[in-house]
Structures are given as C-alpha cells and as structure tokens.
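Note that the chains take the letters A, B, C, D and E in the order they are written out, and that residue 1 is the start of every chain.
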Amino acid sequence: MFIELLFLTSALLTVGSAIGAAVTRNIMHSCVFLLGSLLGIAGLYATLGADFVAVSQIMVYVGGVVILMLFAVMLTGGKDFVSRAQNLLGLAPAMGNKWTYTIGLLTALVVVLTNVKLITNVVKAYPAKVIGNDFPSTVNQIGHLLVKEHVLAFELSSVLLLGALVGAAIIARPRRQG
Amino acid sequence: MNQTIVSYLSQYEFYDVLLNLFGNNQGLLAFAIYLIVALVVVGFCATVGGLGTYAERKISADLQARMGPNRVGPYGLLQFLADGVKMLTKEDIMPYTADKFLFYLAPLLALVGVFATLAVLPWSSGFMMADLNVGVFYLIAISSLVGLAVFLGGYASNSKWSMLGGMRGASQIISYEIPVTLSVLAITLLAGGMSFGTILSHQEGTIVNWFIFHNPFAFIAFFVYGIGAMAETNRAPFDLPEAESELVSGYHTEYTGLRFGFFALAEYIEVFVVCGVGTALFLGGGNLPFNISIDIIPTQFAQVVIFVTKTCLLYYVVIWARWTLPRLRVDQLMSVCWKYLTPIAIFNLVGCAIWLVMFNGKSLADLVFGSH
Amino acid sequence: MTPAQFDGLMPIVILMGIAVVMFFGGHFLTVLLSPKKPSHLKSMPYECGEIPVGSAWSSFNIRFYVVGLIFIIFDVESVLMFPVAAIFRELVDMGHGGYALIIFLSFISVLLEGIGYCWKKGDLDWVKSYQVSLKNNK
Amino acid sequence: MEYTVGNIAPIFLAPVIAFVINAFFGRKLPRQGDWLATLSIFISFIFSARIFGDFVFGTFATDHFIHKTFTWFDLSHGANIWKVNMGVYIDNMTAIMLLMVSGVAFLIHLFSTWYMDHDEKHGRFFTFLPLFTSAMLGMVMSDNLFALFCFWEVMGFCSYSLIGIYVKKEAAGDASLKAFMTTRIGDVFLLLGIVALWMVLGSVAYVDIYAAIAEGKFAGQTVIGISLATFTALCIFLGAMGKSAQFPLHVWLPDAMMGPTPGSALIHAATMVTAGVWVSLRMYPLMVLGDITWFIAVIGAITAFGAATVAMVQTDIKAVLAYSTLSQLGYMIIGVGVGSYNAAFMHVITHAVFKACLFLSAGSIIHTVHEQEMPKLGGLRKYMPYTHFAMMACTLAIAGIPFFSGFVSKDRILGDALYFGFMSGQNPLLAIVPILGFAGAGLTAFYMFRMMFLTFYGENRMGHHDAHGEDHHGDHHHGHEIHHEHLDARQNVPLLILAIFTLGFWFAGSLTGQGIVKVFGEKTEWFKVLVEAPKVERFVNHPREAWGSTDTRVKTELTKARYDHQTGYAGPNPDEHKIHTAHVIGAIASIIIAALGVLIAFLMYIKKSIKPLATRFPGYTEVLRNKYYFDNFYIDVLIKKGLLGFNRFLSWFDMGIFDRYAVDGAAAVNRVLFKASKWFDNVVVDAVGVDGTGVAVNLFNLVLRIIQSGKIQFYFVMLVVVLASYIWTVNI
Amino acid sequence: MMGLASYLIISLILFVVGLVIILSRKNIVAILLGIELVLNAAALNFVAYSRYVTNNLDGHVFSLFIIAIAAAESAIGLAIVIRFFQIKETIHIDEATQLRN
C-alpha cells in the first residue's frame, strides 16, 4: 500500500516537475523544477529497492548539479534567464518560442513512437513482476561489485572525475581578456 | 532496513493487541506508530529549537556577564513562545521585485530538508524511526537541501544583501560538506556500514569503544567533523552568510514573520541534528560510558535521555564557540575548508584505512588492554 | 525487499509531510493573524534606506563556480567511495585487506591529485585567484 | 602451447602501460621515457613472436584459431540480446599481422629514439607512439567489430596527435584536422554498418557474422530498400575507405606527412592505413555476399593509378612516398575486390615492411641533411651508403622487380585482377581494373626510381647548403658538409633489418612467387597455406572459450593447402587453368612494365637522354642549376603526354572539393551548384527561355544553407529523425 | 500498477521531456538541464531492468556511473557556458556558431 503510494507520488512529482521544467519561461524556475524531478526519480529508485542509488541521486544532483546550475545561471549575469520577446539579433528568445516548441514536440512525437515500438517488445518479453528481488542490502552488494567486477571502471571513474575537475577549472578560470 | 521502532515494539505483546485493533493491517499500524513518533519528535525538536534560542541568549548573557531574557515565564523560559507568537502576528511582506514562487519555496525546502534528517536520528538502539542501510549517507545527502534553500532564499529576495548572502551561504555549505563527508566516511570505514544501527552496535560497551577513541585518526576526525558541521549550519564563527555587520542579515534579509521563523527553526534544528549525529558517530550515541546490558523499555528511555544529554552538551559547545570566537574573513573561511580541513580529513580517512588493515580492525583499546 | 520492508521508508515521507503541513498551516495562521497594510516603500528590497538601483540578479564572481566545481567532483567521489568503505571491514575480515587498501588508496590518491592541482593553480584562494591565474596563464 | 589471457594480453597492455607512464611521468624520466616506449613494444614483439611461431611453424592446424571472450556487461537475463561480449580472436592472419605490426613498430620506435633526439616534442611523440601501436595491436586482436571500432577511433585520435604534433605550425594543425575529419566521414558509415549488423544479428563478433552468413540470416533483410548485406558491406567498406585513404577520401594521407617522419612511417606502414584493408579482409565474406567486390576493385584501381600519377610530379621525398602509399593501398584494395584474398593480405605485410623502411630511410636522409626537396638532394650514395642500400632494396621491392617481396604480392594481385577483368566473364567495363593496375605498376617503378636517382645518384646538388647549422666555420669549398654515415644501431640498423625482409622468398618461399623458381619447395609457401578467406560454414555453432580458459584443443600437423583463387566461401574456383594463365601473363607483363618504368627513369635522370623540350631550355646544366626549371621541365613533359589534365582533375578534386569541404562544406556545395546554375542559365535558360531553373537552384541553395546552419539543435533534430527512421526500417 | 512497463513509461516521458527541452530552448544552461533529464531517464531504465529483468545489481552500478558521468559532464558543460558568456556576453546557443573566437 505504502509502496504504491510512494510510487504514485514520486511518479507524479517526477513527470510533473519535468513538464514544468519544460514549459516555464524562467530558467531559475526550470532549475528548481529539475530539482523536483530529480527528487522524484530518487523516490522511484527507492520504490525499486535501490536505496543507495536513490541517496546518491539526492547527494549528487540536489547537493551538486542543481546548485552548480544555479551558480552558472547567476554567473552568466541574469540577462538571459528571463524570457525575452526578441533580442537585437532577431534570434528566438532564450527560453524558446512556439516554433522551437513545435519542432521539439514533433521530434518528441517521433521518439515516442519509436520508443513505444521498442518498449512493447521488451514488456511483452518480460513479465511485470519482480524476479528474485531479495537484496537485503544493496550497499554491500554494490560495494562488492565495485571492488571486484567493476574495479577498473571504479578506478577509471576517479581519473575521469580528475579530468573533469582539471578541465573545468582550466576552462572556467578567469583570463586576461575575460 | 534493520531495527526500527516498529520492529522493536513488535517484540512485545502489546504490539499484537494493537495489531488486532488495526484489523491486522501492519502497514496501517506502522503508519500510526510512525506518525505519533514523528509528531513527538518534531514537537520535541521544535521545542529544542525554540529553547535553543533561549539557551543561546542565556549562555551568551552568562558569558558576557549580563542577565539575558528573564521576563516571560520563570527565568524567561517561555521567551521562545513569545517569539513564536510575535512571528505569527507579523505582517507578511514580500519585495515587489522578488521571485514569488521561489520566495515561498525556499523556507519550505529548508524545513523539508531538516525534518527529513530527523527520520534517521538514532535516539536509542531501539527507538529509531528508520534505520536505513544508507543512514549517514542519507543524512548528509538530504541535508544538502538546506544549502539549496539558502541559495534560493537569497536569490528570490532580489536584494543585493540577500543575493550576496545566498551565494556565500551556498558555497560555504557545499564546501564544508566535503570534510564532513570525508570524516563520516572514516567512521563508515571503522563501523563497516552506514546504518546507525551498525555504527551504534560497534560502540557498545565501555567508553573506549566509542569511535572517537578507536584510533588517533578518528579522534582528529571528530574535530574535523565538529568544525565542518558548525560551518555547515552557518554557526559563528562561520556565520558569513548572515553576518549582521557585513550583509545586514544575509539571505533572510527580506524574510519576515513566519517564513523567517521557518528559516530560524530549520537552522536550530539542524544544529541539534548535527550535534546528534556527532554524538552517534563519535560519542557512542545512547550508550553510557560503562557497560549495562539489560534490554527493557526503560533502558531505551534511559538511552534516549543519555543521547539527548550528550547532544545538548555538544550544543552547548557550539553556542560557546559562537560567543567566544571572532568571525572569519571570507577568504579565511575558504582556505580553512579547502587547505586545512579537507586534506586533514583525507589524511584521517587514509589513516583509518591503514589502521584497519594493519591492526585487523582492532581499536586502540583492544591493542592496549588486549582483546577477547 | 518485500513490500513490508518498504514500510521502513515511511517515517521519511511522514516527516516531509509534516514539514509541508506545518509550512502551509503556518501560512494559514499568518493570514489569519497578521495585519495587512501594504505600501510601496515597505515592499521595496531593503538597501539600508537607499532606493535600490538595478536588479540584484547580475553576474557574480567566477570563484563561486570554481568552489562548486571542486565540490561536485569531491561529492561524486565520496558517493563512489561510500560502498567501498562500507564493505572495507568485511574485506579486511575476509583477509583481502591489502587488496582493498590498494584500491581505496589509489582512488583517494587521484582525489588528492585533483585538490593538489587546484591548490597549486590558485583555484582554492578566494581572493588571490585572479592574480595567480593571470600569472599561470601567461 | 597453452594459451591463456596471460600470454596474449601483454601484447596490448605493455604499450598501454608505457603510454600511461609516459603521459603522466614522461617528463621526469630520463630521455623522456623513449626507452620505455621502445621496451614496451619489444615486449609486445616477443609475445607476438611466440604466437607467430606457434601458428606458423608450430603445431596448430592451418585453420586453428583462438577465440576467447568475456562478457563486458550483461543486462540480458539469459537471453542473447543486450549482452556485450569482448574478446580476442587470433588466427593465422592475426598472428602474422601481430608480428608485423609489433616488429615494424619496434624498429620504428628504435629509429625514432635517434630521429627525435633533442626534438622539442620528444616526450609527447613517445607518449602517443606506443598508444598508437597498442591500438593497432588491439584492433588486430579484437574479436568483434565494436572493439575494432573503438581501437579504430583511438588510432584516429593518435594520428591526429602525431600529425599535428608541431602545434605551432599552422600547416600541421590543418593537416591533423583534415586527417581527423576525413577519416571521420568513413567512421560514421562504419558505425552505421556496425549498428545495422548489431540490430539484426544481436552481435558483432566476427564469428557470429560468419555464422549468420552461413546460415543465411541475411536473406530477405533490407535496409532503406537495399539488401542488408549490401548495405552493411558498403558501410563497412566506406569506413575502410576513410581509414585506408581510398579514392574519394584519400586527401588526408599526403598531408599526414606534416608530422615527424617516424610517425608517418607508423601511420603509412604498419598501423593506421592498413586498418581499412584489415577490416575489408575480415569482412570479406560479407563483401562477397553483398556483391560489392566489383566496386571495391574499381575504387582500388582508381586510387592505385591516380596516386601513382600524382607521385610522379612530387618533389618532396616524403610526398612521393605518401602518394606511393596511396597507390599501394589501392593495390591492396584491388586485391580484396578481385578476390585475391591471400595476396592482398600479403601485400599488406610486404608493403608494411618496405614502406616502413622507405620512410625511415627518408627520415634518415632528412635528419642528416635537413632537406627533403629532391631537386636539392642528389649524390647521397657516397655519404649514406647504408641508407642507400636499404632504400634501394625497398625501391626494388615496391617497383615490382622480381625476387623482391613487392613483386610477389603485387604480381599475384595483378594476375588475379587480369583474370577478374578479362577472363571471368564479368562486365567488360571492369577490364579497367587490370589496365589501371598495370599502368600504375609501371608508374610506380618510374617514380620510385626517379626518387632514388634524384636522391642518391647524379651529382650532389646540396652545393652551398649547410648540413649542420653549427658547422658554419667548416670548409665551404668542398661544397658539402654531410657527415659520412656510420653504422648506428638506432639510425640505420633498423633500416637494414627491414631491408633484409624485402626479399621475396621470405613470403613466397620461391623467389618470384609464381612457382617458377622454387627455393624451399612447395612446403614453405606458408603464406598461401596459412591465409585464406574465412570459410564461414565452420563457424556455425562454434563453441566459445571463456576468458580465463586454457586452450586444450587437439593440435594437428601443419597441412598443405592449395593456393586457390578464392571467391569468398564458395570453394575452389573452376576456372583454375584460366587463373594460371592469367598469372603467367601477369607476371611477364608486370616484369616488362616495371623494367620499362625503370628504364625511362634511368634515361631521364641518369642518362638524361630523353630531352623532348631541349629546344625550349638551353641545356641540362642550366636546368640542373635551377632546380625549379627541372620541375617545370618535368611538368611540360607530362603536358606533352597529356597527363596534366588528369592531374589537374585530381588536384582540383583535392583542393576544390575536399579542402573546402573540410573547411566549409556548404560553400563548396553552393559553389558547385552555382556553377551548375550558371551553366543552366547559359545553356538551358537562354536557349529555352525559361527562368524557373535559376530560382529552383537558388531555392536549393536556401535549403542547403538552412541545413548547414551551424545550429546544434538542428543537427540534433536530424540525428534523432535519422536514428528513428533507422530503427523503424530495421526490423528487430 | 508497479511493473516494468510503468517505469519504462516514466522513463520515456522523462526522456521525451528532456528532448523537448534540448530542442526548444535556446539557453545553453537549459539545454544542459535537458541533458540531465535524458541521462536520468537512462539511469532509471537501468535500475528498473535491474529489478525486473536481470536479477543482479549491475544496473545499480551502471546508474551510479551514469550519475558520476552526468556530474562531470555538467561541470565541464557549465564551465564552457561561463567561458562562452565571458567571451560573447550571451548564453544563446545560436550564437555559438564559431569554433574559435
């Protein structure tokens, strides 16, 4: 009972916030809606029994990515984040207009049709019930997977993150002309 | 999911009686128990938060050799209630330039973030609302909502003081999250798990089993955690985001009435939670410094009392620090975090790992007194 | 996990719900109790009595972003380290302590390398970062 | 011999480790870690040599192969989809290729330690060189197209880095970008082909593809109206065209010489360009099934001949070699196209050896005299005897002189091409393949000897040129300060080692390769015996070995096999006697043609008795004093012979379309369209009096301008739509 | 109600919404935001498959790595945005048509 409710709430939060992020005309609100969507996904992970992934989701996205995005919006000066009817160059406003949305929605329709084709096969192939779901502690299992089967990926991810850190620091560092 | 309050109660007979009362619907009963306990906990924490303001004033007055609040109630004890009523009756003002949606949302996020952390706070070995397998990790993660709330609050006000305070606050909170996380990681290493149940069960027995005395690195980690946590809750000497003399009032400059109250409440409860986590991680939680091994309900209550006492002692230290130490400059703040605390925390982590491998998981006391 | 085990997540949701209820209930009370006398001056952003000039939403210094950047990298690294740390003791008990230590240390060493780099390049200096990076970027 | 991962993996891992160490700590190591890179390749070589020994001289049956797989990740829950396997696949071809790549790469590394000494990019060069080699080794060993693609891209990146290693030179940067972009065109198609195979077969392992071909799984499958086999084969071959620099996509290779010469040697000889031939050979059954072999042959022929003509007019020694590489790659592709599987692969090997040697020799010359324009060289034979010896051997090989390796392999290809073009009853238009092939062979002999004669023979035209910048105080009246070459373990010993292997009998057993002079008897025709097109039937239901397993299958003695004209998997060709005839004719013809080419070169550059334009220019002395006249004179000869048109076409193609395309695709297309519209205006509009055409063309331009807008989101939309239509057309 | 299909559908909706954001917004930060949604849709699929199909936790590990990569990606992407803003004084994607300034 509770789990179904949790699922329903999370799903509604996820989808609703995502749609909110897509339609709002303020980038700041968009980021906050993204936050809601990500929290909802964390809830969905929780309903899937993936407690560690859920908390990681909250930790990285809520604590990190969203704040970073908000920082980036602030750093880029608050000029572009409210929708503009038109700017000097005659470009579409930063948060989109009806034409861009039309293109986006048409493409989305294509993707939906394509994916429905793919998903139906998968759903037909697998019954909608849990198979052998007894993972009392995902943390320990994930830990074992990380140090055994995926140890290379684990170590390489640290290198990847180092690369990201160094690269982003170099890119973002203020320069003379900047 | 390990030990929760429901599973603890279910070993007693009256649980079955209750179950019958609820028509054998375990979920409903669990919901009822949780709801009651949650309300109790929230009420308690709100009181503690309110009393926190009182204690703060009293202690600061004591330190500065003056009286402090003494009009409302005996020794001014009901001051916080008066404050609360005052907040309720204040006019609700919002700047016309503000981002209204976010202006409303920010205090809510702070409140949600802080309340959600209460779920895993280990009041005693049996009275835990939820003992997640990812307990500490969950706590760190969900409390980062507060940082976001600070930023959004500062942003939404569209006042320059607020904005500066919000940016500072957010960057300070996320910075100090790193040493705190690394210290917690060291404890996870020692306990072999992230759930509070596991962590507490490793600290049962005498005082030498507390993780703070497990090895020298854990001892240092406690202080790293303490400083980091203090900064994460924007407490002095790290109260840069709301520094009165620099930024008027920081990110909540434009907040009035109840919304300001929620921010304040969130902050005080967060201090309490942080102290409680420090207690649970390093100071043995509800365990006494000596060994008692009777498990009856009164023991659980005793543990709750012990836990709260220890937490309040830490709380006292936090307040004491606020009125003793001068505020840091913003560049000092950052270098303290990144150039001192973080390297030290990494050093502690490495030290703990090496200690574990070298001494096969034995604590210092085991080595000195010989283990069993 | 069985559905019953998911009940352990209940307190979190309940507490969040309490927070939301408290928030809106509080607002309701405020609406009931508080006076309402709006004026233009009152709803102006507070700038020490001066009339505000421009919006507060303007470009901020890059150093906030750099801090956020270092933070997020450390954040992710700690996320990846937590499960390993949680089974570290188990591995030690199983006799794979050396292996676990090597994995753990090599992961942390990369982390240290990152912070060392930023330290050296002056990204960790709040005030001086601008001048230092000027020197480095010559 | 027991094969476990432990003795296969070091081949790939040793250079990777060297790369990692050099990348991070290279600057702190003595000599910036070049010894480490060289050592790592040597380790690869040792392990490769062991595998080679086992497969070629050892106890394995001729069709033995090792195929070890592990599951990379598995989300399939027992089913075979959503399961990605990686693994190694080693058969005779792999063993030979491994030995070649690691051996040649080792010698190139050894040479580079001399060549790059005191160079400012020394460390960086030795960071990417081992990675490049390891990617090639990994590509050769990989058992599926996806892994191949990964290594393929790593190679693309490394070539990018090596070509543009002198980042401060604008031309180097442009050349590297050009190489990267041009190969990228092919890579997109390759990926498309891989994805198509993946979606239909659920796997891209070679063995699975072979099995699918044998089981007829391709029958009836279509993609956008083309049969699946044709589509995938075409896509994969287009990828190969990009990497192997075949005709429309060849433009990057000549520019690739902007990098250091040993780097060029590695790109041109052992690694990058042979990747395309390699994948064509691996997917040969698919090419046959898709019926695109004629296309392959024609592309190869055009490349072989066109590049040879361009090579004739080059004055830069490295440019000659670069175009000769193009030409030789064309021969390999012809070999694939005409069904000369064995010889095509042999040409890969022989070409790798002599081309590496040629490039290293060129490097030796360039590093010694600091000059790479041939008209400014000359008479170096006296000063660089060892280099001369090595280069002469290689020139003989590439020119197709009997007893040398190039003759053996190229001649077999040409013989098969002759059969393919004239005797097999194909479309008579395909006779262009052998015609262009033989013409190209003659040109090859000519331009290679031209290069030799200009560089090593005649009088020294270095004149006032100072060999070593710091030697200004030396005696200038000698006219040359070139140091006499000494035998140096790092400079010319690699060349000599490579030169030894330009002899034909190493590869053919007999010196000519045509079975006329048998030195070691039929038994040592190991190439013929060992390399054959994959027989797809035997891969049906073949067992897979686990990654950690030890090979325990029964080994039998090396059996003798016939050298069949292999038409894919269809077994021996019934036209055996025709083929034999074709080969005899081909051998004789190519000897004659090669001799002719050498003779013309000799007459032109040594005897100087061909002087068709002597009236226009006062005399040889004048011509030789002014090197520029020399070239002009040369080009005039070509004009007389009517080749300039073709050259101009090639250069127009090179610059007019490709350079612009790389810089600004829309502009080039628009220009062509505008030309077309002008033509339309003049011819159609003026004549007929209809104005609509111009408008239509302009509209088309408008559409093109919108498409090429540089707007990322628009590209994204197109990507999504294309992918979606792709998924809809491919049935899962 | 809760089955593989429902998770797949939620993931599809997320993916499509992310796609719409990517395609219709002209603000680079918003586009990065859409990419985050798309990545999350993928990660959700992995975890759902892990529970309903494969019966192991590889999907969890995979989505952990997706989270890590998404964080790295957004860090780099936003750094580029900031740099772009410093050069161009705008974060409109249509202005990003040149490879060098």
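The working rule: a residue touches a chain if its C-beta (ideal position, glycine included) is under 8 Å from a C-beta of that chain, and two chains touch if they have at least 3 such contacts.
This one's a predicted model, so the numbers in the text were calculated from it and none came from an experiment.
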| item | value |
| --- | --- |
| Any chain that touches subunit D and subunit A | E |
| Chain closest to the middle, measuring from C-alpha centroids that were averaged per chain | E |
| Between A-E and A-B, the pair with more C-beta contacts | A-E |
| Furthest chain, CA centroid comparison against subunit C | D |
| Farthest chain relative to subunit B (centres taken as mean CA coordinates) | D |
| Averaged-CA centre spacing for the pair subunit E and subunit C, given as whole angstrom | 20 |
| Euclidean distance of C-alpha centroids - subunit D vs subunit E, Å | 40 |
| Geometric centre distance via CA averages, subunit E-subunit B, whole Å | 33 |
| Where subunit A and subunit C are represented by their mean Cα positions, the distance between them in whole Å | 17 |
| Numbers and ranges of subunit D residues touching at least 2 other chains | 77, 713, 717, 720 |
| Subunit C, residues touching no fewer than two other chains | 1, 7, 9-10, 55, 57, 60, 62, 64-65, 68-73, 75-76, 79-80, 82, 85-87, 90, 100, 111, 118 |
| Junction residues of subunit E, two or more chains touched | 19, 22-23, 26, 50, 53, 55, 58, 64, 67-68, 71-72, 74-75, 78-79, 82, 94 |
| Which chain pairs touch, all of them | A-B, A-C, A-D, A-E, B-C, C-E, D-E |
| Footprint of subunit C on subunit B - complex, ascending | 1, 4, 6, 26-27, 30-31, 34-35, 37-39, 41-42, 88-98, 107-108, 111-112, 114-116, 118-119, 129-132, 134, 137, 155, 157-163, 167, 170-171, 174-175, 177-178, 181-182, 185, 188-194, 248, 253-254, 257-258, 261-262, 330-331, 333-335, 338-339, 342-343, 346, 349-350, 353-354, 356-357, 360-361 |
| In the complex, subunit E residues that touch subunit A | 1-10, 12-27, 29-30, 32-33, 36-37, 40, 43-44, 47-48, 50-53, 55, 57-58, 60-61, 63-65, 67-76, 78-83, 85-87, 89-92, 94-95 |
| Interface residues, subunit A side, partner subunit C - complex | 1-3, 6, 9, 46-47, 49, 52, 56, 59-60, 63-65, 67-68, 71-72, 74-78, 81, 133-136, 139-140, 142-144, 146-147, 151, 154-155, 157-159, 161-162, 164-166, 168-169, 172-176 |
| Interface residues, subunit D side, partner subunit E - complex | 73-77, 709-713, 716-717, 720 |
| Complex contacts: residues of subunit D adjacent to subunit A | 77, 79, 713, 717, 720-721, 723-724, 727-728, 732 |
